[in-house]
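Next come two complexes, and both contain chain A; in the first it sits with chain B, in the second with chain C.
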Partner chain A sequence: MPIDIPPFGARTVIWLFAQQHLYFAAFVLGAPIFIVISEYLGLRTKDLRYERLARETMKMVAVAYSITAIMGVLFSFVLMGPYQGFTNYLMVRFYPVFFAYGLLILLETILMYTYWHSWDALAHRKGLHIGLGVALNLVGTAMMLLMNAVGSFMLTPPEAPEAATLWELVNNATWTGLNLHRFIANLTFGGFMVALFGAFMFLTAKRDEDRAFYDWMGFIGNFIGVGTMMALPIAGYIYARELFLYDASIATLLMADKLSWFFEMQGILVSLLFLGANYYMWLGIQRIDKGWRFLPYFRATFIVVFVGTVIWITPQNFLPDLTSRAEGANLQALAIPERAAFMGLMMAKGLAVTSIIIMTFVSYLLYRRAINTGRIAWGTIDFKAQYALVFLPAVAVYTMGLMGAVRELARQDYHVYRLVQDTSPYWYIPTLGYTSVVVGVNALVFLVLMVFIFFVSFKLGKEG
Partner chain B sequence: MQELGREQQPIGRGAAGAASKRSVKGLVAWARGPLLGTLIILAVIWIPFSLLPAELGWSFGTAFKLFFSAIAVIAGLFFLLLKVGPSQGRASPARVLGSITLTYILTVGALVGIGLVLPQFEVKAPSEEVEGASRVERGKALFQDSGLGCYLCHTVNGAGGLRGPDLAKVGAAAATRQAGLSADEYLRESIANPSANLVANYPPIMPANFGERLSKDQIEDLVAYLKSLE
Partner chain C sequence: MYKMSSAIGVVIFLLFVAACEYPGIERAVTAELSAGPAGSIGPGARSKDAASSAKPSGNQASSTQQNGSLEKPLPAGDITIMEKDFFLEPETIVVQPGRITFVITNAGKFTHDFRVKGERIDERSQKIGIGRTQRFPLDLREGEYEISCPLSNHADRGMTGRMIVKRPG
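Right, the complex of A and B next:
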């Protein structure tokens, strides 16, 4: 390794900047999708809240955009020093992609600032303004597709990249799956960030009118976050299937070997997300006239969510890896008993996840039913609901960091799987504990930067 | 925009409970439902399953019992949270920021804590451990290497996966599996080209690229190990 970055080591420092870049990229790519939809809904329904939601979220995106770019540059610079050979390899293979990416950043920047700063100027030409927003999203999505090509290539390159065309490198075995998963996950992430922002503004609002608006904003953010999150397991399944078809041994490493406890953790995290979202709806339904009538049904959904979680996260074996077994350990006691072995199978876990998703949908239907029979008193929601809206982004940020790490660690001791070996001192797969600490630090750094964005956007800004 | 300030309905028995939970007795009465539910689940986890004979196949080890117990306690706490009465009020932005930051840090901290207490694994280079070992020992280390993952699908001596055939006695059986193939040849071909020798009732899921991923020497190590299983 030509250059290291003490005291944390090059890999951990690169990990930090790469993850921060991805967090902010997810926000600035995901949020504008529903910003434009919200602006359109405002135009169609004449409900001013949609317009205000779009505008206030865009204000944050405009600040977050710079941080995304800065993190991207820092990530590139810290990567290039320690891993010169590998970055050179990628640059040679993907030079046209990187060049196009640079041009798209320029175009995206122009569109983003034009969209944001023309909000008042184009107030009477909403169609044109929404058109700008749509163009912004198209360019943003194209940028994501380009970088996903490089990321997915590193894990699933074609057999002979030297002989492959650029399109074959881009359209590798898991490009589609990664694109689908990231597109949906960005929307989820953006939704939860809006909910977090709504919670902060709700709790600090001085006027009832503002409190009513931010209550609604938190609800919409959570609705987007949870609604899109329900599709994520399906997208994840498609991605994992592509990976399995490419090389079954990667899939077994992930799901049944050293990385399997990362997926146990994922089960816990996703269950917490669904539980938190349902809890928010439980509190939300109580600000609807006679909404309390539906509470017993909610209790039943919570029970199903917990039972589903137990089945989902019950491991087949506490020590799936034979090489790590301690001498004298009672192996039988660490394996699931024969009659309960069904709980360790993918079929049972798939059904458990499905039941959790269905129950969340049922909660939403109950909420809709309550709205149909009573009016919502916006602004009167229990304060605990706002802390649920803080809990959800915290879990989402951690989940995103952990699963991103899993995808990188699946390459094992390769930069490009089976093609470019990682010969640095950091070739190994770290433990879940170490990964968890790095992800936790990343999540906290992200919070600090998001607070900065909130502060700059709404407390220092002169615009209304 | 909808009308503001509508009265909220009480959350279950939360409002009444808030007044009575000042004493320990009151607290227990308030928490009765979730407390009782959790205790019943804990009793089911720890008592009946411990009394059942192991031959019935329902004997969960202590690790599983602790695992289920932790979930039961968390579920109990969650249902207790549902009974907490509504909270309203106003606070300064600094105080709100502090409480939000604290909630976020506690959440992330708890998740990091879970990540630290779950089982930990780290990857070691397979060749480092077996240098100078016999061919059978090297083959065994390869078989148990997570990068290859043989044991994930094959059982040996009662340990391993069930997706592929049990290899406990493959050393003895290999010589008679295919007419004209010696045990060595059969095993070598089964590793490098698994679809050539499919065992009945098992789907063709074994990766076909072990012939490329393993060196000739490593394949011979694996063959020696598998032959030793009699």
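Right, the complex of A and C next:
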């Protein structure tokens, strides 16, 4: 390795900047989709809250956009030093893609700042302004598709890439699945960030009308986050299916071998997300007139989420990987008792996850029913609900970091799976413990930066 | 307040210390960018490669002794099958028609299952726990059958095999 970066090591530093870039990119790509929808709803319903939500979220996106670009540049620079050969390999094959990506960044920047700064100027030409927002989203999505091509190529390169056309490199076995999964996940991420912002502003607001607005904003952000999150397992399934059809041995690595305990963590994290979402709805329904009537029904939801989680995270055995030998121990002692073995099977886990999703949807239906029969007293929600809106984005950020790491680690000791070996001192799959710490640091750095954005955009130098 | 801030600072510092990975582990590869393993790559070819590469070499001799050959099929009776993560041993069986009892042992670290599929037959055993053995009797006529573990995507991962039922000669 020509250059290393002590004391963290080259891989970890690259990991840090790549993950920060991805976090911010998810926000600046996901949020504008519902910013435009919110602006459109404001125009249609004449409800000024939609306009304010769109505008305040866009203000955050404008600041986050610069940080996204800076993290992207830092990621590229730290990658080029230690991994010169590999960077060159990618550049040779994807040069037109990188060039187009650069041009699209320029176009995206022009559209983004025009959209943001023309908000007042085009107040009476809303159609044109919304059109600018739609164009911004189209360019942003195109950028995501281009970089997904490079990322998915590294894990599932086509047969004989030397002879493949650029389109064959781009349209590799998992490009579609990754595109779908990331598109939905960006919406989820954007929704949760808006919920986080709403909670931050609610907790620091001094006026009742502000509290009422940010209560509503947190509700909308959480609604988008949870609503799109329910579609993520389907997108994840499609992506995993593409991956497994490409190479069944990756399935073994992920589900039965070295990365299987990462999926145990995923089970816990996603269950926490659903638990948090239902807890928020349980608290939220209490600020609706006669909403207390629906509280007993939530018991069933919490029981299903709890039981579903237990089934989801029940492993078939307690060995760290396939090659582990239980020296001196009976394998039976490390396996789940035969009577409970069904809980370790994918069929049971699939049913458990489906039950959790359905019951969360039922909670939402109860919430809707409560709204239809009573008035919501915005701003009077229990403060604990706002902490749930901090908890949910924090867990979502951590989950995204962990599962991103799993996708990268699925390449094992290759930069490009089975084509370009990783010959650096960081060629191995790190332990779950180490990965968890790095993902934790990443999540912490990102959340601190987001709070910094909230603070400089809305609090610094302002009263109340 | 001061104590709490200090505690948070210490936790963050420890997190960053725990994230240090330098200097890694040197790898015994001399080329900067060496090619991957030889052999076919790409969709389709991969799963077969992966499945076969996962199997330990050296079990061939013991397998051939108990799975018969096209000229000398095994007599009907007990057929021993080992289910491992994720392949069957043996993966090809030649046996005479009649009452065949599969004696299936799960020698892997995950629960498995056993399926026999052919013309007019598609039978599954009970699920077989880790380290357990199960007897699974079937009356089989002449023909070719697919044997596999039908649990989850175990068959895709390589837990498939072939069974030829024929008379000797």
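By definition in this document, the second predicted complex is superposed on the first by the 454 of 464 C-alpha atoms of A that agree within 3 Å, B and C clash if a C-alpha of one lies under 4 Å from a C-alpha of the other, contacts with A are read in each partner's own complex, and residues count from 1 in each chain.
Basically, a contact is a pair of C-beta atoms (placed from the backbone, for glycine too) under 8 Å apart; a residue touches a chain by one contact, two chains touch by 3 or more.
All values derive from a computational prediction rather than experimental measurement.
With the two structures aligned on chain A, chain B clashes with chain C.
Legend: residue contacts after superposition of the two complexes on their common chain; A:L345 is shown touching chain C, with no touch to chain B. In the overlay built on the shared chain, the residue A:A248 is in contact with chain B and with chain C. When the two structures are aligned on the shared chain, A:W378 is found in touch with chain B, with no touch to chain C.
Shared-chain residue A:D210: touches no atom of chain B or chain C. Counted by residues of chain A touched, the larger count belongs to B, out of chain B and chain C.
By the touch criterion defined above, A:L444 lies against chain B and chain C together after alignment on the C-alpha atoms of chain A.
When the two complexes are overlaid on their common chain A, residue A:T431 makes contact with chain B while staying clear of chain C.
Of the two partner chains, neither chain B nor chain C is touched by A:E408.
When the two structures are aligned on the shared chain, A:F306 is found in touch with chain B, with no touch to chain C. In the superposition on chain A, A:L419 makes contact with chain C only, not with chain B.
In the superposition on chain A, the residues of chain A contacting both chain B and chain C are 247-249, 252, 256, 319, 322, 331-332, 335, 338, 413, 418, 428, 430, 437, 440, 444. By the touch rule above, chain B contacts chain A in their complex via residues 1-6, 8-12, 56-64, 67-68, 71, 75, 78-79, 81-82, 84, 86-93, 96-97, 99-101, 103-105, 107-109, 111-112, 114-116, 118-125, 141, 144-149, 151-153, 159-161, 205-207, 209, 213.
Only residues 49, 199-200, 203-204, 206, 208-209, 211-213, 247-249, 252-253, 256-258, 261, 264-265, 268-269, 275, 279, 282, 286-287, 289-292, 295, 299, 302, 306, 309-310, 313-314, 318-324, 330-340, 375-380, 382-384, 387, 390-391, 393-395, 397-398, 402, 412-413, 418, 428-433, 435-437, 439-440, 443-444, 447, 451, 459 of chain A touch chain B when the two sit together in their complex. On the side of chain C, the complex with chain A involves touching residues 12, 15-16, 18-27, 29, 31-37, 40-43, 45-47, 49-51, 53-54, 85-86, 109-111, 127, 129-132, 151-153, 156-158. Contact residues on chain A toward chain C in their complex (touch as defined above): 4-9, 11-12, 85-86, 89, 157-160, 173, 244-249, 251-252, 255-256, 316-317, 319, 322, 331-332, 335, 338, 341-342, 344-347, 413-414, 417-428, 430, 434, 437-438, 440-441, 444.
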